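Order as written gives the chain letters A, B and C; numbering starts at 1 within each chain.
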Amino acid sequence: MLTILALGTDALAYAMALFIVCVGLSVTLGLMRIANLAHGAFAMIGGYAASHLTTDAGFGFLPALLVAILVTVAAALPIERFLYRRIYGAPQLTQVLMTIGMTFVIVGTVNFVFGPTLKSIVLPELLSGPVDIGFRSIAGHKLLAIGCGAVVALGLWVLFNHTRLGLCLRATVADAQMTGHLGVHTASINAVGFVLGVGLAALGGVVGAQLMPVEPYYALRYLMTFLVVVSMGGAGSIGGTLAACLLLATLSTFTQYMFPDFGDLFLYLAVILVVVAMPRGLLGWRRA
Amino acid sequence: MKRFLAAALAVAVLCGSALAGTVKVGVIGPFSGPFALAGKNFKAGIDAYMALNGASVDGNDVEIVYRDLPQPDPAKSAALAQELVVKQGVQYLAGFYFTPNAMAAAALTEPGNVPMVIFNAATSSIVEKSPFVVRTSFTMWQNTLPMTKVAFERGMRRVATVVSDYGPGIDAENAFRTGFAQQGGAVVDSVRLPLSTTDFSAIMQRIKDSGADAVFAFLPSGPPTLGFVRASEENGLKAAGVTLLATGDLTQEPDLAAYGDSALGLLTTYHYSIAHDSPENLAFVAAGRAAIGNPGDLTFPAVGAFDGMHVIYAMIAATGGQKNASVAVDAVRGMAWTSPRGPVSIDPATRHITQNVYLREVAKAADGTYYNREIETFAQQGDPGLMAQ
Amino acid sequence: MSWWPCRADFLGGAVRNPGSRGGGGARELVGFAAIGLALGLGYLLMPDSLALLTRMIALMLLVMSLDLVTGVGGVATLGQAALYGAGAYAAGIASARLGIGDPLVMLAVGGLAGAGAGLVGGALVLRGEGLARLVLSIAFAQVLHEAASKASGITGGSDGLTGIAIAPLFGLFAFDLWGRTVYWLAGSLLLIVLVILRALVRSPFGLACAAIRINRERAETLGVRTRPILLRLFVVSGLVAGLGGALSAISTRVVGLDSLSFILSADALVMLVIGGTGNIYGALVGTFVYVLAQDRLSALSPFHWIALVGALLIGVVLFVPRGMTGSLGALRYRPGAPGRRLR
């Protein structure tokens, strides 16, 4: 029982770290209909920036986190302006290629700037050390990931369901043209959505760095996982993304405990089953 | 007349070799990617050796051709080795951080007539893949067996093993199992993880539940080891009464700062520590740190490369810069010298390095940096992995 | 000729496949002759790089197979390496574990294994739509990858499958370090596959596939049974990819897990798009350009070639959106030809 509880908390931490990154992708995909394979690259920029700030520039963790998010968004804006705008509404294959190309460029540039090695983010004592939570000791950064994930989930829920901006966002997801006719400046809405997605990617890249280490091929290595999550969750669905992350993380943690020798074999078999059984996403039945 | 002709021919051959000028050495290693630190150390070891011993042997300039292979990728390794031999015309293949890459390239040494000097890859059976393979690093059996003795002496009876699921990992598991059984202990759980694993929390839970009083671990130095040691600390392995034992792969010097005080006292057995106390090592560390840029990055693959260059220089001297793999390899069989790691020799039969293996513990220096302090020496260990077969 | 379940003659007029444009047999012959000439020139001009050229040809077969499902059939997949890797491992295992060293038999084994993987993978991938389809293709390749990694007793796992011994071709031509024999084997294989695929693309079966790609509902209305046709396309694609995998096993005598990796699948897609989709020739051009660029740029700057390749890709999407062969074709044919809708 204790084992299940302990593994459950590990799974929850992994799920939340994954969720922060993936929900950003889900938002951009749902909102802008862009198969944005460069999403992981933005998370990577955030991670590398935070690593540089904490190890070389002497920043504390929190300021580094904020600056890293700003840096990532600042880097992403010109990319949005000059590259993404050319592929809005383009066929999926074109978007896939363009964003894979961007991923390659970002991976190469980041490695050129920061050096092609594994990067660590210096954590304050509180986050790096083990914390006793009664039935087990757990790393502080995992608690941080859980907390951040919860805040992001809640924040997005409030944003989407209880603000005017959220209304516009949802309307744009549903029918961009119609929303435009109703007097909403959909280009700005798209920009807001893009910044939101990129910012979440950077946040996830930093907060989840202990679970998904910041390494030179980060953007490609976790791309698969991100795509699987968003596809299982259903594009644009926050609840679906959360459910997918929880399912995936639980599967991953428990199969690693029980069949460590088999790696991700059972995980991917499960993914196939879920996608075949629920092609519209985990919560797809609600939107069907 | 005949004698004159023969002499003239000999002179011509000698001149030819002297004039041949350049001997190329192809080095394959991870120069980018997650394991780039190892590649950096290869280069630092080579640069340090050439800085201390010159860049030519008897008038033959030594030129290093680097090829980047970031990950275990046997097919790419074979392709790179083929390109180096056929297109670049290298006389020696060297480097190799990962066993799969070394195994794949070893197949080319006989048809290509090139010796191959392994700077790191640690599976025992690599030297059997070709008679032209010489290794200046270590094997898992060599570094693991002393640890079984240490574990038993310190009262541990039930041990779990965790290794990466590839050649050296399986060697490490077998070595520990065999050695520990001879001592009289029992291995209660054995886990082989895929190389790509980065999160070890579930494994830590499994170890705690297995009822072991120690866990012996081997993973390739780099991101996996960093993650593993951290996870053991975060999941309270020590508090649960499980001691972590490992080969020195888990405590490579650049990672010690990231572990911090929590790793103090961590016991490892290994062939080399940067803190080894000898004049040869002092000279090597000074040259290596100058070559690598960031002094904190220097660690064990550099000494493998440094001694590997020593062997290659001896081979070049023996062949006069000509391409002749069997002469080159025969010349270094039984060769003995004092390496930065201590007295070493190349075993004439196995072409593997015989060396001291040290028991070390992670300690903190006066200036606040961490290092591996050697506390016990297991003198002149061969490769029990090959003897065991 | 009634083995494809459709009334292709109805479609012949409605669908103009890019592969069939300008359809003269003479032009086809010129194309094949040009490829043959290029193979000969490669042998003469780059005698030190035959291994690279052979690797290129193996990848060309992979990219051609991807062009079949994506360019001709319109099914986007990021798991094509599964079919290639199945062929590579099957051929490698036949030699290393079962002692079958005849290169032609190894090719046949690889092709069959690829076709089998194509059948299973295709059946799976065709169950999804859009992003789900992409994910199914990734997951299928990953399952094979993990299985190959686990079954190390047979496949060598992470250490790679070594010990592949190749008997001389026809008992006469040995496989040497310089890779001359395997180069000619690869070149001949490439030409044969190319001729067959060009014919396939222009056949009623190929036209039916194109019809499905361009407008699935319309094709169904006209009586094309889309799923069985696409599944057949996957089997043919698997056969071609499997041949490519087997060729790489013969050429390098090592099979590694990378032959099943996501990166290889993504690379194949990139090469296809650089070359241009849907006409088979694009696969050849794209692979040649990409592999050559990768080889040269990584030699120039081993640490950062990836950024340059990415820039190349962005450039192609922005300025040569139909790929190199597609855009060359566009100079001659009117814009708005069906190939354009592929992108």
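The definition used in the following text is that a contact is a pair of C-beta atoms (placed from the backbone, for glycine too) under 8 Å apart; a residue touches a chain by one contact, two chains touch by 3 or more.
Quantities reported herein were computed from a predicted structural model and do not represent experimental measurements.
Hopping across touching chains, the smallest step count from chain A to chain C is 1. By C-beta pair count, the most extensively touching chains are A-C.
Most remote chain with respect to chain A, judged by CA-atom centres, is B. One finds 33 Å separating the Cα centroids of chain A and chain C.
One simple way to say how far apart two chains are is to compare their mean CA positions; for chain B and chain C this gives 39 Å. In whole angstrom, the spacing between the mean C-alpha positions of chain A and chain B is 38.
Within chain B, the positions touching two or more other chains are listed as 31-32, 165, 194. Shown for chain A are the residues in touch with two or more other chains, namely 111, 116, 261, 263-264. Counting partner chains per residue, chain C has residues 146, 149, 303 touching two or more of them. Within the complex formed with chain A, the residues of chain B that make contact are 31-34, 36-37, 40, 70, 165, 191-194, 196-199, 201-203, 205-206, 209, 222-223, 226-227, 230, 233-236, 239, 258, 260, 262. The touching residues of chain C, counted against chain B in their complex, run 48-49, 51-52, 55, 146, 149, 152, 157-162, 176-179, 248, 252-256, 258-259, 298, 302-303. On the chain B side of its complex with chain C, the touching residues are 31-32, 66-68, 72-79, 82-83, 85-87, 99-100, 103-104, 107-108, 111-112, 123, 129, 164-167, 194-195. Remark: chain A residues 29, 35, 83, 86-87, 90-94, 96-98, 100-109, 111-112, 116, 220, 223-224, 227-228, 230-232, 235, 261-265, 268-269, 271-272, 275-276, 279 touch chain C in the complex.
Across the interface of their complex, chain B is touched by residues 3, 6-7, 10, 14, 111, 115-118, 120, 128-130, 136-139, 142, 210-213, 215-217, 253-254, 256-257, 260-261, 263-264 of chain A.
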